[in-house]
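Next come two complexes built around subunit A: one with subunit B, the other with subunit C.
Up next, the complex of A and B:
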């Protein structure tokens, strides 16, 4: 039997009286891409923030099982938690400006991740950064340029490179193509898909765009009012939605 | 000014030059309670080398950026038996040095000197003297920005966390940027160091040439940042290591010249434009060291 990489049990988080997410249970297996969909305010971002350590949930359990080492994510010390987040997790923000240092060059941004896990050899950091700049289809002559000189799509690709360089075990993506125009979206999605296949990444991706989920996710969960109302293989959920809300969601996709 | 019980009266005093001693001030300007508070911060700072201790910095009769932090630390450490030396960029006769020296002459009437070996307490801006510091000397730095992580992380709550968890990886980003832009580590002053294998510390804007002098020094080194309200310290004989990369080791750079006055080849030099044609002269920044060498 395969042990899940991430097991969540009865996770709840509320903001005063407003429910963020309620009694969420789910598992994520190695190499799997899990999509989380739902309308705005349904608790997608609250859930992903709890799982990635950005938010402290009120109740529930989050257990990571990486290389046969169990980590009870909500019951470890602050320093262990930050170290775990640094080495084993990665977070791609919707707005790449949130995940990058804009006053530091592209290479410095990518290299920071390496330096934070202990790399102290400039030559090695430089060559790995160059390799990853290439991998996300940015010209390597741009390595010393500041991110403010980059286009929106390039910024997002740079952020992806920064997150993947240390080969994290779980990658969280919060609307990674949210702020981009359609043609750039397609290119970034294409890149994410090829990286997922090539590197066998384990990803949790949040999106309100069903096309993104259909393209990338193996499994998906549908959220409404802070709870999971439907889950399963993405093809299955999208082709044969059981819940009224999911049916509405699927039927409201524009076919141009 | 109203007299208080704290005012120390010294009847028999001599003033060599500068402003006359003013008995109306408490000894070394600050009141005794403030000194006590600052001494406590200093003791804590000495116990945790490189850790920035917050303190209730006072308004001083000089603008921020002119050494208000250093002056408060000096005032709190000063005793009547002390001999004080003040240096500014290595020199004893520049504006900042002269005015702070006069300030302490006026408010405490202690002996002052320009000779490094004779001083028991030295306050400095931007240099460590060429003459090695020795046991029982106190060396006070004026610090404009005490937080070495400020360049990367503007949130103080976050930098405090980074210090407490030793999350220093990002510190090398600055050095990385230097090498990628210039081919070598361009940072020439305020070069970050790791103190006692634990805290990353800003050594104040001394040239990196002086960084090795902090390592294992027999003197007590105190750092005061008035505007930022922080005191930190290096106790005697403490390991202080400058950050670097394995393939780009730390290099205490100096100009490739000898001093035009004393001929010294291994001291830190100031570059001075001497005429309208752009001719240059290189001279020791440490005036005391240079004068002694010249007179030998």
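Up next, the complex of A and C:
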């Protein structure tokens, strides 16, 4: 019997009288990619912000179980929580500018992240940073350049490198290909997919693009008005949707 | 062995006046190890649906589908994922890949995902590419630019690369010329000789005959 890496029970969050997300329960197992879909305002971002520690939910439980160590995420001290977020979680923003410091070199951005989890030796930091710059297909001659000189796709790949370099246990991605050109999207998607396979990453990815979910996610949940209306294997939910709204969503996709 | 027991399947189309389409009522059949079963019937009768129900892509309304003593209908998502990885190969009608990934990588991926080492996966994939008569200068290119027949063979290679006890084949010999069709038929036979349970949809009489299949006529099976 495998224990879920993340178990969420009856999670709710409101903004005054407005429902953000309501009674969300779900499990995520090691090495799984979970996709969250739904229209704007359906609560996707509220949910991953609660799970990643960016927002404090009103009610519910979030239990992480990492290497046989149980963390009751909503009932630990603020300092323990900060340390947990730093070492075990990662967050890839839709806009890479939100996840990077643009006035610090590409290598510096990555190095900072390493230092935050205890790396001190400059040579080690530099060589690991170079390795990861390379891994996300950025030419290593660009390591000392400022991110402002990078294209959108390069920035996104740099943000991904920065997030993965410390081997986090759960990676949150909020529309990681959302702001990119279609031609660049495929490359970033392909990169994420190969990293997920190679490193056996556990990922929660929010996207309104069903094709992205189909390619990346093993399982998915469909949200509407703050609640989960359907969940299951990605191919099952997309090919045999059981709910009216999911059917509408799937049938609205244009095929070229 | 695959056992399909008293299965009902329907689709409710909420956005089309809640139309309810019944595909199967009380569908029963089984596939023994080493056996090749061919699903037969006109287009639209539900041949692909059966493969998807067995693979867990379609939810069944009633009944059971037993594989490895497990009922697909009652397994959780992660249990189905695990069963697929360890036991069920599925060759869809069309290859679905993302741009930029080479044919070789597409074929190696299922092995690498199950923890096989790169060298081993590489050797196995190269052998299969050669067996399938795919020209060497295509191996490192994305299959998206390939012809229909070449794509289909890459798709088959991806589905055949692992040694799995169950295989679901959706028109594996469509869009192939006669020489390549014979190559695929021989690969399917080899799987069957090793005890794999195979369910397929074969559009041509020739393939069905060569493979010595047991036919399941859905026109008869689904007469309510």
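In the analysis below, the second predicted complex is superposed on the first by the 256 of 256 C-alpha atoms of A that agree within 3 Å, B and C clash if a C-alpha of one lies under 4 Å from a C-alpha of the other, contacts with A are read in each partner's own complex, and residues count from 1 in each chain.
By definition in this document, a contact is a pair of C-beta atoms (placed from the backbone, for glycine too) under 8 Å apart; a residue touches a chain by one contact, two chains touch by 3 or more.
Just so you know, these numbers come straight off a predicted model, no measurement behind them.
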Touching partner for A:82 - first (subunit B), second (subunit C), both, neither: first
Subunit B versus subunit C as contact partner of A:247, first or second or both or neither: second
Partner chain in contact with A:117 - subunit B first, subunit C second, else both or neither: first
Which superposed partner A:215 touches (first subunit B, second subunit C, both, neither): second
Partner chain in contact with A:187 - subunit B first, subunit C second, else both or neither: second
First, second, both or neither for A:233, with subunit B first and subunit C second: second
Shared subunit A surface residues [contacts with subunit B and with subunit C]: none
Touch list for subunit B against partner subunit A, complex: 152, 165, 167, 169-173, 176-177, 179-181, 245-248
Residues of subunit C defined as touching subunit A within the complex: 11, 13-15, 52, 56-59, 77-78, 80-81, 98-101, 109, 112-113
Subunit C partner contacts - residues on subunit A that touch it in the complex: 2, 29, 32, 186-187, 189-190, 193, 197-198, 215, 218-219, 231-233, 235-236, 239-240, 242-244, 247-248, 251
Subunit B-touching residues of subunit A, taken from the complex the two chains share: 78-79, 82, 86, 101, 104-105, 107-108, 111-112, 115-118, 120-123, 125-126, 143-144
